[in-house]
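The structure's right below; bear with me while I get my questions together.
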Amino acid sequence: MRFLTKIQLPLVVLTILALGVGLWLVLTAPADYQQGNAVRILYVHVPSAKMALLSYFFVTLVSALYLWRRQETYDILAEAGVAVGAAFTFVTLASGSIWGKPMWGAWWAWDARLTSVLVMLILFMGLMALRNALDDRIKAARATAVLAIIGAVDLPIIHYSVVWWRTLHQPPSFAGPAKQAITGELLPPLLAMSVAFVLLGAALLVLKSREVAARRQWEAVETERLEQIHE
Amino acid sequence: MPLLILLRATYRVAWKDVVGDWRRRATLSSMLFFAIAVLVVFQVAFDPDRQEATRLLPGLLWATVLFTSLMGLGRVFQAEEEDGGLEGLLLASVPRGVLFFGKWLGNLLLTVLVELLLLPLTLVLFNVDVWGQLPALIGVLLLGTLGLTGLGVLLAAMTQTARSRETLLALLLLPLTAPLLIAGVQAMAGLLDPSLELGSWMRLLVIFDVVYLALAPWAFGWLVAE
Amino acid sequence: MALLTVQDLHHAFGRHRVLNGVELSMEAGECAVLLGSNGSGKSTLLALLSTRLRVQKGHYQLAGYSAAQQGEEIRHRLLFVGHHTHLYGHLTPLENLRFFADLHGLPPQPATLAAAVAAVGLQRFSEQPVRWFSAGMRKRLALARLLLFQPLLLLLDEPYSALDVQGVAWLNASLDRFLQQGGMVLMASHDPERLESLPHRLLRLQRGQLSDGREECPC
Amino acid sequence: MPLLILLRATYRVAWKDVVGDWRRRATLSSMLFFAIAVLVVFQVAFDPDRQEATRLLPGLLWATVLFTSLMGLGRVFQAEEEDGGLEGLLLASVPRGVLFFGKWLGNLLLTVLVELLLLPLTLVLFNVDVWGQLPALIGVLLLGTLGLTGLGVLLAAMTQTARSRETLLALLLLPLTAPLLIAGVQAMAGLLDPSLELGSWMRLLVIFDVVYLALAPWAFGWLVAE
Amino acid sequence: MALLTVQDLHHAFGRHRVLNGVELSMEAGECAVLLGSNGSGKSTLLALLSTRLRVQKGHYQLAGYSAAQQGEEIRHRLLFVGHHTHLYGHLTPLENLRFFADLHGLPPQPATLAAAVAAVGLQRFSEQPVRWFSAGMRKRLALARLLLFQPLLLLLDEPYSALDVQGVAWLNASLDRFLQQGGMVLMASHDPERLESLPHRLLRLQRGQLSDGREECPC
């Protein structure tokens, strides 16, 4: 936790800078000849989608570590990771939907990728609800950890959905035999926004974990205070 | 007994249930996301195309509402099981119909809230463009919900006391929800497709509501009496 | 006529006959203790008097109201605290009492409620949900209902169990006050010594019938 | 601890739940009637013609099974609430995995019973003539049920002490079973229509079963440990 | 070393600290009664000793097994009968005892089970589901588990409540036999006089700590 306190300020400053640069590149990049200005959504959609997946992966990882090492730090990180992940997933869904309206003519389509991302959002909400609903903190930690690990099957499904099933959604575009690979002018802003979103994710995670840790700390302190009052 | 006292007691029973849900947090959002999950399940199970979706919409909505309100109903009498069961409520000096109305109000409130969120979401997810009909759809949904929750609370009360005599009654009553659901589905279908019958189904819905809500408090008082 | 009269009361659960012609009458300000071995039907008798069970055969009247037709009037005039506390775990002590008050049509007086919680020594916990209360704390809160109004009849089923020494003292003092104001108390207990100096009459329930408790051996 | 003792304890836990249900006729009958109500709603809502019905059949069956077993799962730990909650079970000196297996077996038995009754009923109600495939359909259904109930009992244990547990259980179970559901629906569709893929979906089902049933007792012991 | 040792045991429920350094050691054949006001933490201490609650801080060993790692071994050697009876309403008394026996890995001896039911005076009801038993009958059945095996440690939370005079006499006789055979008894009670001639030691739980019970006032 002390480590997190130290890196917090530099991280936040860096994030703001990177977001500034990224947004500037996004706004100055030329409009797409097919998609017009709608293409600018890509620079938010793709990084946030990657971050959403990364968040779930991170939650699974710290959950496993918690079950193995039984250190509260991992549980705090898991709780924070869930909140951050839910936010990114929501942004992914929202930006995708907004983009989908001009591209596919509908806010929503039930293809495999979209559905699996929706399932991930439900999972994140379930993790939050479960933690809220259990009074015993250690029980809550164990239950959410187990649940997160079971839910991790959704990750490969999201990632490979475009390959396994025929979908409306874009296949992976940085690698593979995709025809519509992202190239040329699109690349600099996308890279800049990707870096910015990674930083943003890290910053949010640090802030949230510190908040969670502080809340738990406060409860402990409050115990002492109440006890002294009633002595 | 003065009306004010009856109203206060009704309010208090409903308040207890709603506050309970509220304190346990997340009930409302859990119910909403549960409803979304149900939609996902239907999609995965039936995989309808766009045209089919419009046709299936009433059934999907009603089935989802049924499941969601069933979830809520399972909880209606759960709080009463804690320490001594319904007994404590039955010692109250207000008439038992009041208890029924309180329970029903609390359940109705939650179900309606979820429905109001669910309906637009379903339209978006299934890509059905009937936004102009939204108020009318909501109207039909609410109309059906009145009777459904009324009947549901009654059923929950029966199964809560769980003596075999009453389980039997519950089994007899359960099929009663089916006509209500059929009327609801058909009325909604009539709204979406003007070539179908609407008026008579709506009338049926109203009749069911009136009958169930008039009979239920009375049946409740009778059922819970030893 | 006595304030409470029970005549030839019978009760059977299916084939198992529990009460077999109970006769009882009580006057204002009287306190009676029901004795009887486990399963002799004390709680059943109290449940009948509280109108929770329907009278199958016989008569029961409270203040002239008959249980068969005017259950509501009777419930309005009595308080029953049994083996179960009928508290809601997610509500605080205050909210539990308010719930009780509203369902008994009592006027809503926040000050009375708070005073009742304080009187049973739970003010420290007045903001906490009742769910995690200890057995004795629950019992105290259940008994605190007595401070909200003055019923005609108070039915208690083993009120002393789970109470600590202070709790017992508080209960006896409250019962004393209650009796002085003309209330009637009927309690089932295996340990009538706990009543201490409280004037009371002993009743023994045996083979489904009530008899004077002092006549027989203290078993 | 000798195996015999472990087996006896497993059997006893399952026995208690099944006997309890049998004596009260509660869960089984309400599950069955619930399932029928759902089928009726679907029938009314979708009103499929014969060809459509064959296409929708796998989805119908699985959706009904899923919701019905959800209802049964809500009650798995209800008997434990009577007087002191799970506490009594947790004081047992047998390993906690045994408790899981006992609970799971009891739930599995009930669910399978309901399914066996449900399947022919669906075929009749929707007028689908695939009676020759009946054993194979039952096989797929059972395969899916193993994993479904395993996961379900685990989640029920997880949410048992939680506030508003029924909603929570449903919220957690539905997204987690989505992959299992897809595999089940597709495998059944493969059975009914030889032009579709079957083998790989079956394999997926088996994999899910093995994974859930291997992990669940371990996770259960973890969860209930104080 | 003593058979049961508790060192510096602490327990807090969230923000509410209940036990604050409990020290206790007991030898074979010893009986101790826990006194303390409502909410002082008696039931919490018993729950910790029964391994139902996780040890948060401090040490607890029974017969050399430590609660932190060997919960199963400890559960194998103890019997806990608390405020709740842990009976299943839809099972008969015999079936309830058989359930308990199987889950404790005891050899299945129908004769022992039937004898236990008879010993607590419930043979008349041995074919009836427990659901409708009276409070005292449930309590008797819960205590009948003691007749199925000889645990090292017996934890009782207010065992006398709801028992009638014969019930109390039966319990005292059984406890006496149990102690003679080298068992240890730790019970929480508000009424230690009920133990009558049974030799016992008094412990008082106050401000989260145990002290000798006789030192202070009987409150």
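Observations
Read from first to last, the chains carry the letters A, B, C, D and E; within each, the first residue is number 1.
Everything below uses one rule, namely that a residue touches a chain if its C-beta (ideal position, glycine included) is under 8 Å from a C-beta of that chain, and two chains touch if they have at least 3 such contacts.
Just so it is clear, the structure is predicted and the values come from calculations on it, not from any experiment.
Shared contacts of chain A and chain D, meaning chains that touch the two of them, come down to B, E. Taking the definition of touch as given, a chain qualifies here only if it contacts chain C and chain D alike; those chains are B, E.
Chain B maps onto chain D through a rotation of 175 degrees [Cα fit, steps of 5, range 0 to 180]. With centres computed as the average of Cα coordinates, no chain lies farther from chain E than A.
Inter-chain contacts peak for the pair B-D. Mean C-alpha positions place chain C and chain E at a centre distance of 29 Å. For the pair chain A and chain B, the distance between C-alpha centroids works out to 36 Å.
Taking each chain's centre as the average of its CA atoms, chain A and chain C sit 58 Å apart. If each chain is reduced to the centroid of its CA atoms, chain A and chain E end up 50 Å from each other. Residues of chain E in contact with two or more other chains: 54, 83.
Residues of chain B in contact with two or more other chains: 23-26, 30, 33, 37, 40, 44, 47. Among the residues of chain A, those touching two or more other chains are numbered 119, 122, 125-126, 129, 133, 135. Contact between chains, per the stated criterion, is found for A-B, A-D, A-E, B-C, B-D, C-E, D-E. Within the complex formed with chain C, the chain B residues making contact are 1, 5, 8-9, 11-13, 16, 19-20, 23-24, 79, 82-85, 87-95, 225-226. Chain E makes touch with chain D in their complex at residues 50-54, 71-72, 75-76, 80, 82-91, 95, 98-99, 102-105, 108, 129, 138. Residues 13, 36-39, 43, 83, 121, 125, 132-137, 139-140, 157-158, 161-168, 190-191, 218-219 of chain E are the ones that touch chain C when the two sit in their complex. Put simply, chain D touches chain B in their complex at residues 24-26, 29-30, 33-34, 37-38, 40-42, 44-46, 56, 58-60, 62-63, 66-67, 71, 74, 81, 163-164, 166-168, 170-171, 174-175, 178, 181-182, 185.
Remark: chain E residues 12, 14-17, 54 touch chain A in the complex.
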